[in-house]
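Two complexes come next, and they have one chain in common, chain A, joined by chain B in the first and chain C in the second.
So, the complex of A and B:
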């Protein structure tokens, strides 16, 4: 029950509410204080004041005040509503829902509280609660179509398709006259209903419905696509063929239409002649299109392929299409096609008359330089790599057109594959200077500088395209613009330099950006209904549910977990990078640590000074809105966490839940859970990894480590856990198994694969520490393998570090690698 | 998020009128949109142009519409097995809240009994819930659910959890 106010104060209270709505925060507070002078314990006023304070960014004070308000007036729905709103502002949705429920219990008729509750339930995917809320809202106002649609969405997303359809139909039946075709809400709702029908498997019904209503719907393309899809699924081939032909007439470059058209025509995938004929008719109809020319290269074989590829290549090279190689490289998984393409293009450059003697010199130069450029990319590509030839060709291409950005860019890429990051960054910088206004090459140059661990230069390049007056300068703007690729690369560069604080800082920034993306959907729960764009909304909700299976998240989570594992294994790294090999001598290590701490303090001081300078320079923010200064710009606090493994779990959980098929994720999960002593969970990761690839080298070593961990438990597992773990692990690596034999079998089965050999050696020196010197030698001999790549060799070097091998063994390995790859910078010893 | 808060408080205003929900708080579209839509539709079909809908205020459902909607509502309520009053819905809401509170109590497994019965009548021990929370990184609610699905048998529950895939 609201506490009574005098009529004068009651009108003041209404003013407070009005001020709040108009965002006149200061006035609102003043008026509220006026009321409180006379009624110091007035709950509603206290609550309103708290709400205004929260909007002014004083979160903590607001909470204290709101609690006081509640103490004074437990029965006021306003107090409870405000309490919920404060929790919502803090993103503590569960508590917010509870508070809203209390408010509703006191004031069941309140529309706004009911609506706020419903939006939160949707955000939390509490579908049963959402259905209830939506039913209540519909009962209060059945006249609004969006209330019906919303209830249908609630049923649909909760999996009750039948009920969803029924709700929509029930509303449609109340319409006496069909709404005008301009009524987008109606048009979208009808298509939405059709989509639900198809989703519930009633394709024939959906088709029938679509044929009745489709002609009045605004989204013509969607209707055409849905109809074509239904026809094909129902096996009405002739009509499906016509439908897809109509779609191709609209857009002859959509490859999905071609696939469907061919299925509708019932052409077998072996009948290359017939297939080619179909595509040829579309080439004729659309001479400028690409899809109909490119797709046949997928299925054609032998001479047919050669002929088609020849025509395609010549046409594109003459035009000088820069994306030609990127468009063709997917064919290279077939070695015959790869070699045919190489032969063809090599043929063009050797038979083409040299440009200087020819009369049509200009035309020919373009063709020739495009061909050299193509060959450079060809020999630079993983499946057809020959870096010497790549370099020759790119140099020829650059000679012919020295101003071409992409040629210079490819040169940098070749250097990257040589393993020489320094040179690669340098060459990429040259490419950038060819066109300083081009943002793409600017980003590329910055990225290569980061790959070369040169964070400052990278940021300097980026700053040429950022809003540098933003809070935090260029880096602040990159955060505001949610530039995830840059933050990830920057963090990984710091991770390579073992500057864990800064690395974690960037990884958390990306994590927070994903949080923001999840949060962003909130507005759409009401907005999309208001606009009637339901199908797009449902798509978005489903996408949000799987947001963190995005490769950007996976990559950043993997790196962050690695950083936390390093931190857990060597907590001293929280103070900054330590020189390699300082682990051997205790006093030397102490010295190094002291030095690192000093360096850290120096950097912090520097950063604090910079901050002061910024504050002095700009007394007020540019856009009036004061942004909080970062308290921990170097990530020192992140690195000095009490519990790195717990922090790692924050990144790990979504990774495991949304990318369960990534073996890398499972292996990292094992590392985290084993260190945390969660043996059941560690085993769960092992089983999952085993199901993905039983012969994975990392898994092999982890199985052994798990067996050893179980044999040497510091304290016994809980009996229930022990029972499960022992029984389940028995299927992966039986207790009775002779481990040496098991390891030897593994090594001999995979004797041609270097990563497997590395895993076998790691296991051997785990089983038998005396064999370490021999293992070190054997590891060095894996460098003689013809298949070994720079990355694998580098992993070998890291293994030596992991084994705790002597500096001498590491140096010997690095020297051998360095003589194998003289260009690579990674094996150079400082 | 700023859009929902201000309008919320238009209604928490405890002035005498606050008992009644505001009729125009949530128009399906704003007045301008409706005008535009009306204008557009008059281009398409002449018969609707003269309709009262060209009025710029949010559509007040006509008597016929109202009747049809009423029928539709009652049909929906029968389907859902619910009493057709707003207060009934509120009680449902309350019941839901109580259920929620009940579930919460369940999760916390209050001290008095220490044991609760699962769906199948099996006992779920607090120690088992705590074991699962600790060993499997689960919330209390999820740990309790998992145990309930396995008749309160911790070994079966852990085994099922380990064997099931992530996600």
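So, the complex of A and C:
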């Protein structure tokens, strides 16, 4: 029972609620305190005050107050409702739901509480609970279309498509006359029903429905796309052809439409003449478009290809289209096409009249410089690499057009491939200076600074386009604006420098951004019902369920796990980077560690001083928002974790769940689980990796390590676990297998691949530690391979470190690599 | 090779939003939270388009399990090289429904392929067809001659006014607009079909039911709170305000 108030105080209480709703927080608090002066134990008022404080960011105090409110008035739905709202603000959804349920038990008719409960059920994907809530809400207000649609969504997402469709139909039948054409909500609801029909496999019924209602639906393009797809799926070829033709008339730059059109026409993939004729139609209809000219290069072969490529190249080079190479490089998986393109463009530059002093005018200069630019990218590309030629060509291009940002940018890229990030960053900086108002080239320059492990310069570049008055300056703004690429690159640069605290700091920042993105959907559970764009909403909900399958997440998770593994294997790194090779001598290592700790303390102190200075200056950001000071800006606390492997698991779980086909994820999962002594889970990763690529070199070494781990268990596995693990592992690497033989077979099967050779050598020195000197020599010999890339060679150098090889062995390897790639800096040992 | 795709048509490519956000912050100084992109995609799903690089082996996934039907980009995360993020003006000061280009950009490496033009044309058409926008408006930096050329010479925009110090760095903007009413859907035709259908469905055709004109629906529209462009919270403000009202 709510505690009674005098009529004056009751009216004050209503004011509190109004102030809260209008976000007049200070007034709300003041009024609440006025009531509390006379009624210090009034539960509802305490609760409202708590709610307002929570909205002002005073979470802890708010909770204390809300508990007090409840203690005073356990039977008040307001107290329980507020309690739930506070939990919700803390993202503790389970507890929030419980509190809402209490509130609802006291006040079953309350719409706001029911609504808040429903929203959380949706957010938590408690579909059965959501269906119940929505049914109640529909019963209370059947006149609102939203309530019908919401129930249909609940059924749809829970997998009951039939019921979903039925609910929508029931509402439609109450409409005596069709709503006006301008009624978007109706238009979208009808299309939503159609989408459900198609999803339940009733494509013919969906098509029939669409043909009946499609003419009055506002989303014209969606209707066209749906209809075309249905027709194609139903094999109604002639109509499908017409439908895709209509779509292409709208948008001739969509290869999906061409693919579908060709399927509708029933043209075989080797009937090049017929295929070409289709695309030619659209070149004619839309002479300025690219797709219809470009796509035929995919299937044409021989002289036909050469002719088409020639025309395409010349046209684009004359126009000076900077994306020409990016647009063509996918052809290079076919070596004949790759060579044809090379031959053609080399032909242009050798026969073109040189522009020095000629009267040809600028057109020819542009053609020529574009051609050199193209060749530079061509020779810089992995599948056609010749860095000497790349550099020659890019220099010629720059000579002709010294102001072209793209040319200078390509020069930086060539240096990157030379393995010289220092020079690459320098050249990219020059490119940036050619157009200081362009953020694209600014971003590139910053990225290259980071690749060169120069975090400060990177941020300095970024700060030219950030809002530096934001809390935390440029870096704060990059966090605010969810700039995942920068945070990831910055973290990876720190990881390379073994500054694990800062690396983890950035990786967690990206992790938190994904959390925010997941939380972002909350408001749309109600918003979208009002807006009526139901298909888009449902698509969003489904996407949110697999949010972390995004490559941005995969990448940051992989890096974070690597950082935690390094930290687990060498806990001293929590205090900052230690010089290379300091592992050899114990006393030297202690000295280095002491120095690192001192440096860490110095940096911490510096940060603390900065923090104090900021506090003194102002507690508020420019936007007036109160932003909590970061207590651990250097990530020291993150690095000094008690349990790095547990922290790694936080990144690992979504990775394995949502990107199970990534062999890198599985291999990392093995590393984490093996170290945690979770053999069954480690094996699960091995099996998954094996299913993806049985001959993967990392997997090869891991199989061996798992065998050895099982052979040398400190204590035996639980019998049930042992049985499963042994049986499963038997299929991957049988116990009776002679391991030397097994490794030798692997090595000889993959004798042309350096990564496989590296794995074989790692395995050999694991099996037979005495062979290490020989393995080291053999590893150095892999540098003689013509196929070895700088990246692979660098991985080899890291292997020596992993093997615990002597400084001398590492130096010998690095020197040999340096003489093979004299421009590279990555083999320079400090 | 670059494909121009509707962001949330059929199927939906809403999973490209983080890449679109990255494309934006790589290219432009005006940046937004992901929620602001979501807000566009979930309020005017028809209006935004994205340019992606077609994956090497094409789009392997299809909408039907047997491989029939059109292909789909969903869950493949191709590289995003351009986008147009667009909306309808929520409280048009002139009272005329019109569209607005919130943000448009194309990666420098993919310029001069006509991507921006195609993105704009697709968005404009959707504004007219789906939302009966009378015109579309946008802002452009006065120094951005390439963009100006696209809007004015290629697409047919006209300069409306100059907005002084429109950008955070103090640069002025041209406010431009272009009429779209020539692309409107013929509602009279739809209504004729409605009547035809009604007549054939029922013996007593309900001719009294005249045209639910635009204005009628208007008053039912909820009052919206203006969303702070860019840095603003977007939907957050919007939703709470509305819920407070319905909670009464």
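The rule we apply is simple: the second predicted complex is superposed on the first by the 819 of 830 C-alpha atoms of A that agree within 3 Å, B and C clash if a C-alpha of one lies under 4 Å from a C-alpha of the other, contacts with A are read in each partner's own complex, and residues count from 1 in each chain.
Here, a residue touches a chain if its C-beta (ideal position, glycine included) is under 8 Å from a C-beta of that chain, and two chains touch if they have at least 3 such contacts.
A quick note: this is a predicted structure, and the numbers were derived from the prediction, not measured.
Once chain A of one complex is fitted onto chain A of the other, the partner contacts of A:439 are limited to chain C, with no touch recorded for chain B. Looking at the shared chain after the overlay, A:467 reaches chain C, while chain B stays out of its contact range. In the superposition on chain A, A:526 makes contact with both chain B and chain C. In the superposed model, A:222 makes contact with chain C only, not with chain B.
In the superposition on chain A, contact is made by A:680 with chain B only, not with chain C. By the touch criterion defined above, A:101 reaches chain B but does not reach chain C. By the touch criterion defined above, A:136 reaches chain B but does not reach chain C.
Within chain A, the residues touching chain B in one complex and chain C in the other are 21, 23, 111-112, 115, 177, 180-184, 523, 526-527, 530-531.
Every residue of chain C that touches chain A in the complex is listed here, in rising order: 1-6, 8-12, 14-15, 18, 21-22, 25-29, 31-35, 38, 41-46, 53-54, 56, 58-59, 63-64, 68-73, 75, 77, 107-115, 118, 122, 125-126, 129-132, 143, 168, 185, 187, 190-191, 193-194, 198, 206, 209, 211-214, 216-217, 222, 231, 235-236, 238-240, 242-247. Touching chain B in their complex are the following residues of chain A: 2, 10, 13-14, 17, 20-21, 23, 44, 48, 51, 55, 77-78, 81, 85, 88-89, 98, 101-102, 104-105, 108-113, 115-116, 119, 129, 132-133, 135-136, 138-146, 163, 166-167, 170-171, 173-177, 180-185, 522-523, 526-527, 530-531, 649, 653, 656-658, 660, 678-681, 683-684, 687-688, 691, 718, 720-721, 723-725, 727-728.
Only residues 21-23, 111-112, 115, 177-184, 195, 215-216, 218-222, 225-226, 228-229, 232-233, 235, 250-251, 253-257, 259-260, 263, 288-291, 294-295, 319-323, 326-327, 330, 333, 405-406, 437-441, 443, 465, 467, 480-485, 516-517, 520-521, 523-524, 526-528, 530-531, 533, 535-537, 539-540, 543, 546, 549-552, 623 of chain A touch chain C when the two sit together in their complex.
Residues 1, 3-15, 19, 21-22, 25-26, 28-29, 37, 40-41, 43-45, 47-48, 51, 59-61, 64-66, 68-73, 75-76, 79-80, 82, 84, 86-87, 89-90, 92-94, 96-97, 100, 128, 131, 135-137, 154-155, 158-159, 161-163, 165-167 of chain B are the ones touching chain A in the complex.
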